[in-house]
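Each in structure tokens, the structures are laid out below.
What follows is chain A paired twice: with chain B in the first complex and chain C in the second.
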Partner chain A sequence: MFRRKAAAAVALALSAALLSSCWDKTELNELALVSMIGLDRDPESGIYTIRLQVINPTSGSTARGTPGGEQSPVYTYEANVRTLAEADLKFYHLIPRKLFLHHAKAVLISGRAARQGMRDFINFSELQPSARTSVPLFVVDGSIGEVMRTYTPLERTPAESLSSRIELLADYALQSGRDVEVRDVIERSERDEWIVLPMVAVTPKTGNLDSRDVDASIDANRNQLRLNGGAVIRNYRMVGRLDDNELVLYHLLNGDKGTFVRRVPFRNGHVTAVLLSRGTKRRLDWENGRPVVRIRLSLELSTLAMNEYHPRTLEDIRALEKAVSESITDELDAFLDKTRAKGWDLAGIRSLLGRKAPKLPNPDRAAADAKIRFEIKTLFTGMGNLSRLYEGSGGTS
Partner chain B sequence: MISRGQFYFLTVNFTLGTTLFVTINNMIEEAGPDAWMMPLWAGLGGMLAALLWIALLRCAPGRSPVEIARDAWGPIAGLIVGILYLLVFCTIAAWVLRNLSDFMNVTIMPKTPPTIFHIMFLLVGAYAVAQGSETVGRMNAVITPFLFFPFWLSLALAAEEWKWERLEPAFRDPWAFFQYPSLLAFPFLEAFALTMFWPKVRPGAAGALVSGIASAAVSLSLVLFMVTGLLGPERAARINFPIYTIVQEVSIGRVLVIIHSVLTVTLITLIFVKLLVLLYAAFETIDRLFRPTVRWPHLLALAILISAGARTVYENPVQNRLLIDRYLLIYDGFYSVLIPALLLVTIWIRRSLAGRARKG
Partner chain C sequence: MGRPSHNRSIGAALAEHIQTALGSPPDLICRSVTTEENRSVLIIYLNSLVDRKTVDEFIVKSVRQNAFAESPAVSGSRYLRELPLASPGETLREEAVRAAVSGQCVLVDEGRERVCFIDTYEAPGRGVEEPNAEPTIRGSYEGFTENIRVNIGLIRKRLLNPALRLEEMRIGSRTGTCVVIAWLEGLAPEALVREAKRRLAAIRTDSVLESSYLEEYIQDRILSPFPTILNTERPDKTVAHLLEGKVAILTDGTPYVLIAPLTFFDLFSSSEDYFQRADIATFIRWLRLISFFVAVFAPSLFVAATTFHQELIPTELLISLSAQREGVPLPAFFEVMLMEIVFEIIREAGLRMPRAVGQALSIVGAIVLGQAAVEAGLISAAVVIVVAVTGITNFVVPVYSFGMSQRLLRFTFILLAGFLGLFGILCGALLLVAHLVSLKSFGVPYMTPMAPLTKSDWRDTLVRAPRPWRDPNRLPASVRLLKRK
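Here is the complex of A and B:
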């Protein structure tokens, strides 16, 4: 009996040693947690420049003057390589810890590399089991080196700051959406769809560029990063730009949900409408052999920011809703005319035809010929804290 | 004796086993958004094969296919068939182990030598098998809820990424399965190993076997449906372990981003069940053929044989895929359809001859 117990104890002890996966153990304090990745390629020499922003674990949210408080919260490492795989090796000339990419919050690609095409970067990234592609991808307007060496106020790491800003822009300005991640670029490019990614640039700099002057200066518009317009991507390649206003219309078309503000012509003047997009539905019809795409948009209107006018009767409300629908339709029509003239299919007509009419002989031609009709339904649902505006004469409108 | 319910769960888990990460991307590559229909067709084929096995097993209650072969074809041919089955079970067990270590090496444990996975799984498996069929059946029934809920929960957490348009255009190629019939072999014909349990299951287990195969086919179809809707056919057809990638990309809030270890544990436990069944089938084959009085010496020998086989069964994942695509249906069809059918025909002829002799 004793021998059996002893044998069992030995077997258990042995399995404990073998089950602990000694070969692949990772200790937290042996990892370099990468928070932001910067990708660049010189089109002439073909040399890749990879930059990694690694979180400094000793700089916490400590007060100034305490140990670690004066240290940089992130460190940017740079490697110039001929092939992407070399970058890993090059970094170990500089980094004393094992690279850990899984926690990366943002991937940045330089404008010139994006224009040249980012398929190679993306293939490399998808080949690596340790890298996630569910990370937002930003296109850099200007020097990526400078962006990777710029601090952002309030948030500890620039990557956090950027990823939090695209969420806020999606919710409150509709200038960003859910589909801005690396995996979305893959999926859209593989389906021959278009995608618009946020662009990031450096704001004017003053003082010592590489130190944490940002913390000392009260002017937070300088020495930091700014999201600025959108990069239009097709087939892994940047083909153009959208400005901030066009970004709203693109995300509206794309079915993203969020709040945005529009100035709408109404009864010989303008009113400010706060609108909540509730998503789009597309329907494909045919008229004389020509595809007609009906894009149905539903918007919720609020008078939260409407300091010019307040509707009092049902007729007022219907008129306001109608004015908003018409104004947005006009804007979208103009936006589509402009982008379709450039050959951009930002409304995804080609892909809709591919899904709904897969047997079409020449889908590209049909998509270019397709007529697009908007059916916008605006519903007045919300208002601010006044049931009637003050009417003194000291206003501008 | 193991109960019919336990046998049902054993069938489901065995059939799902390695399938969840070996053929998912192949199927989506073949059939695009309609890939979820493929396992349904294959499952139907698997159920037909199961009916054949049941017909054979019912001819001789309490006997396993190895003994039925010996009864029908005599001691020498019976021995040859028995050894053939032993080799088949060992080969598939080695294959399963290799699939497992490939997965582990590619995803979360790149540095651990594959042999460590093989040996550890075999040691634990051998211990369970040595305890007998009740232990195997009971253990599987106990762990099933711990596999079912974490698996579907982690997939459900990804549901935020769902897009219906990824499943369009739908029903373009519902017959795609017939261009890719190796799916019938792997995993459905491999379920033949479960017939070695048959004499140990309470009577009336035919329903458990057939409905087990049907449930596995439906689960597989549901998994494919979800993978297509969550990843899109373009990515899912290219990524090696799509289910793993889906869960890898899930993040709960901004902090919890690595929950795929939960899924990994579920998948490797499913594989363990498949290995356990195959190891039991091989062990039982030796038992029925040679009636040894000891258990451990030949179990250890089996473990050594299988762990060696796992290193050599294929050289790389590309070869694995070619083996499945080109040869697996012929290979599995030979031992799981042709031999049982011939056995059945022999038994029927013998019985009708014996009946006629009695009449005469």
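Here is the complex of A and C:
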């Protein structure tokens, strides 16, 4: 009896091996690790240009490589296709390894393709079995081909360099948010909301760009990629752009948390304020049948440049807090007026009305007519602790 | 005079019988001692098995002074028995032969018509040394020896308690090995002692050369990679378990003592846990648990992740692993399997090799495994690291036999990972858990105190609680379960 059972168990185990995925196994050196995807479409011919930046695992340690390194850390492949479905086939004419998109760190779309609409690209990339939608999406300002052929210093691949900069800009400049991934574009566009994506451009180039000579240059501002403003997207289509300053206000309005710096006029001079956004709260009221949206912002304020202003009393601090609140309110008002004049709803008023007053007969109209009031609460949290700065007193008062 | 001459002939015949039965061995001594009364007493013993000092200074001297004749007849004692010379010939002869091979002196007092058996057993062997397989930094450096009497002494020395019970058995029809069951009366559950005796008594074998012979007969399940009986060469550990109400089984001829019942979590505790500070001991115990998982799962997870689930590996690590794999001819599965087998071979060779050659072997192993194979592009460096880490973590558990179980499990999981990836590892892990919870050791569930759940016992399972926080009279759950029976 025991032998029979044992034989049955062995037979089962062997047949399980037949069902196994071991025939699907892929060794690491059979994979082409795609690090960045570039998407473009010629509006006239309708031909799609797909570029893939594939990591060369055997190269140096950064995207600019180690000095004297012989191999490029990434290779950019390009395929021109009439339909996106042909892309894989085209690439296998060029790439000897299986495409592996799981580790892609950035998706780039050219400005012209974004203006035509990116629904096709996003739909296609979402259908790829090995692709992820949790990848940041960038809009290229300029030639996408040039961007895809540019090395970046320090990070191993340009894609990592870009995605890392998004995090830093969100934390330390409030010029980016974290909700700029492919899935955010899908979700927001499906909800008929607006989204601003980071834009990337190439900095001025010098030297022989086709060789690695540029790597020897100490000037890292040239020959590399720069995040530059934001692309305003609605319904998968780019409708305009914001500059770096406007980006801060956009992220402030949307409740993103991060630090930013403003120079605020105060008592016949200026104070450099380091502000930490702690998020927003929105409330919908009605005044004479007109919607009023109250946006409450919490800011933490600290001053660093003590030679500009040094508050000495509680009244001084309250006055400074008030001045900062007023200054930011003015900036936000101006920003909203400008964008609403273009028909952009970057404050998300339309979706707020949709949620809070779903039975409104004409929500678009109501959103355009809505009055927006800011209630900014600034809290002074710190300042430099030197009341006399380097006045040659030798440390004695 | 006819009677004495008849007796003398019986004595000589007895000596001759022993000699014939043992095949005239060179160490058989048959000496005649004349008493003060001018009687002749024949002393027969195996020179290699007796304490010669006892024979010369005690027995021969006593016989000469006729002290034995004065002493009252003793019967039933293990150390001194006597039979009348007029006993049935067959019984007497058998008894005498058995006594001689057990290291006893056979005294044939032809004048007083009796035969005495005096236990003078003293087998050659090494002295008490530091245990090889279970060394500690702090604590006793004494380990059991091959001599069961010394081992009993090492236990008694630590347990000056009249409740210590020792029961001797002879197991092995040919070897007649002395096996002693030890327990603490009143503390060890009666059901446990009864069961241990029953299992030992049921053994039908011709030889017991090591305690593992017994272990295989008395363990609860034969087909399992996990030990269900603990073996140790540390007297302090044995005493600690006796104090927890467990039974110890000592076998003559081996320093390894068996302890039952055993639970899975006992395998992670070492004597030193109780000699160190509680917080450090807890930390080390967790390290052992982590090491167990690393030793069993690390190579299989590596195979599964690198051949089926590359998306789970962080990008930087993937690039680094990918760079290492460039030019490596073997698939990751075979690479890991090959290295593990080579590592096991080197380890096995290291164990069997003379110590003088061991160093040379370790150098060859390190160079072949660590450097040459990687430089030749046969193996990727990551595989060497995984195999090395696995090999080291394997030695972290304090019970050597459990380390061997891990080796077996590791190969099974590598195979599963090679065929089915993480799915295979998951299936294997589920089967392993099912197997573990179905195991029992002397009727105690192997996974006690996790299954069945006894939270109060976690104080000496997941952590080693400081002694003042523990109730000294509380026995572990495994023993309490048996007490209820």
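One rule holds in what follows: the second predicted complex is superposed on the first by the 353 of 397 C-alpha atoms of A that agree within 3 Å, B and C clash if a C-alpha of one lies under 4 Å from a C-alpha of the other, contacts with A are read in each partner's own complex, and residues count from 1 in each chain.
As a working rule, a residue touches a chain if its C-beta (ideal position, glycine included) is under 8 Å from a C-beta of that chain, and two chains touch if they have at least 3 such contacts.
Keep in mind the model is a prediction, meaning the values are calculated, not measured.
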item	value
Touching partner for A:I55 - first (chain B), second (chain C), both, neither	second
Partner chain(s) touched by A:H103 [first = chain B, second = chain C, both, neither]	both
Touching partner for A:K356 - first (chain B), second (chain C), both, neither	first
Chain B versus chain C as contact partner of A:N29, first or second or both or neither	second
Chain B versus chain C as contact partner of A:L169, first or second or both or neither	neither
Touched partner set for A:V196, first chain B, second chain C, both or neither	neither
Touched partner set for A:R156, first chain B, second chain C, both or neither	second
On chain A, positions contacted by chain B and by chain C	21, 24, 102-103
Touch list for chain A against partner chain B, complex	15, 18-19, 21, 23-24, 102-103, 126, 129, 132-134, 183, 186-187, 190-191, 354-356, 358
Complex contact set, residues of chain A against chain C	16-17, 20-22, 24-29, 31, 33, 35, 55, 57-58, 100, 102-103, 105, 130, 156, 160
Residues of chain B defined as touching chain A within the complex	106-113, 116, 120, 123-124, 165, 168-169, 172, 232, 234-235, 238-239, 248-249, 251, 257-258
Chain A contact footprint on chain C (complex, rising order)	306-308, 310-311, 315-316, 318-323, 325-328, 331-333, 418-421, 423-424
